[in-house]
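Take a look at the following structure, please.
Letters are used for the chains, namely A, B and C, taken in the order the chains are written, and counting of residues starts over at 1 for each.
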Amino acid sequence: MKSLTEHLWFEVPNRRGVINITPEIEELIQRSGVTEGLCLVNAMHITASVFINDDEPGLHNDYEFWLEKLAPHAPTSAYQHNRTGEDNADAHLKRQIMGREVVVAVTRGKLDFGPWEQIFYGEFDGKRRKRLLVKIIGE
Amino acid sequence: MKSLTEHLWFEVPNRRGVINITPEIEELIQRSGVTEGLCLVNAMHITASVFINDDEPGLHNDYEFWLEKLAPHAPTSAYQHNRTGEDNADAHLKRQIMGREVVVAVTRGKLDFGPWEQIFYGEFDGKRRKRLLVKIIGE
Amino acid sequence: MKSLTEHLWFEVPNRRGVINITPEIEELIQRSGVTEGLCLVNAMHITASVFINDDEPGLHNDYEFWLEKLAPHAPTSAYQHNRTGEDNADAHLKRQIMGREVVVAVTRGKLDFGPWEQIFYGEFDGKRRKRLLVKIIGE
């Protein structure tokens, strides 16, 4: 069995943002030498997501508006978590909707993807350096 | 390490629908020859889900009603994504709630499932042929 | 390839509750002898979740309040599923938001986690014994 472990770092300049990380994941799969296996990509921070959807800016705006409706940032006093001195309780909720991780198939040395699938890092509490983990296993 | 890769095709006649795919997954696990391992099942389209829950039609109707409340299809003009000529922005949102994929354990050559667990393909933008991926690895 | 399969049992005394299971998962990873691999942790019941977030009681109260707003328990007659004699339709919905499973990386024999990541069992229909599954594969 082969395996590869890698951390990717991000610093999103705003509170929220979406970054397409598909090219980085493709490259890591090639570097791993795995031709048949599974690849886990997960946020290592609990106010961020990794998810797969469409690389279409209008859709990303729709997500922003929708998540803000389902789990609004303000009033920050509405959340008990924010009594700890944080103001990011909403980010912990948004991340549950969008998910912590994706597991993707590696087939013949490549991401086994449908035509529109792209992997995104979703930041809900940015303006600081945060990590995600890529773990590839297979043979 | 053994592995098996298979695509399953669906054409749901309505915009939305739910299909129990557990028997197909069980059969693929048997065919793979894997006795201990992991099985990934994911939608390859970004307006569909794979999820595990109860095979109870009343519950499926509850999901339909609930998802339509959380992410309504109409008015389609409420979504920026639909300015691209699509009318399926809601489907991209519903799929985030229900999830892209499941990872299930294979133990002694079978799905290692609780008493009510069943795997479903959830379609949110149907009336056309769409695929899902099954990837089984183990030994 | 090595693998380990284990079931953990819980009986949450109330309808809903959250239990930190990180120490149990760490111990199982050590017992498995896997140093590089993947670990799947999933609820085997369809009204419970496994998720990763912060071990902060205020946040857990925020989840409770938020999930009850998105998928209220009452009126139970609002759900078709409850016509089967159940009163737990809301639990099937809440579990979709919080997720069935997590897949986590095992690196150098340990959970490969960010600073605040903790694994939780989330119960939405308690007062009875329920199981979760841990499956570790790797080498």
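Details
What we mean here is this: a residue touches a chain if its C-beta (ideal position, glycine included) is under 8 Å from a C-beta of that chain, and two chains touch if they have at least 3 such contacts.
Keep in mind it's a predicted model, so treat the numbers as computed, not measured.
Traced through touching neighbours, the fewest hops from chain B to chain C number 1. Although chain A and chain C share one sequence, what matters here is the overlap of their interface residues, and that overlap falls short of half of the numbers used.
Between chain A and chain C the centroid-to-centroid distance comes to 20 Å (mean Cα coordinates, whole Å). In chain B, 1, 38, 70, 97, 99, 103, 137 are the positions where the chain touches two or more neighbouring chains simultaneously. The touching residues of chain B, when paired with chain A in their complex, are 1, 3, 5, 38, 40, 42-46, 70-71, 79-84, 89, 92-93, 95-97, 99-101, 103, 131, 133, 135, 137. Against chain A, the residues of chain C that register as touching in their complex are 1, 36-38, 51-54, 56-59, 61-63, 66, 70, 97-99, 102-105, 107, 112-117, 137-139.
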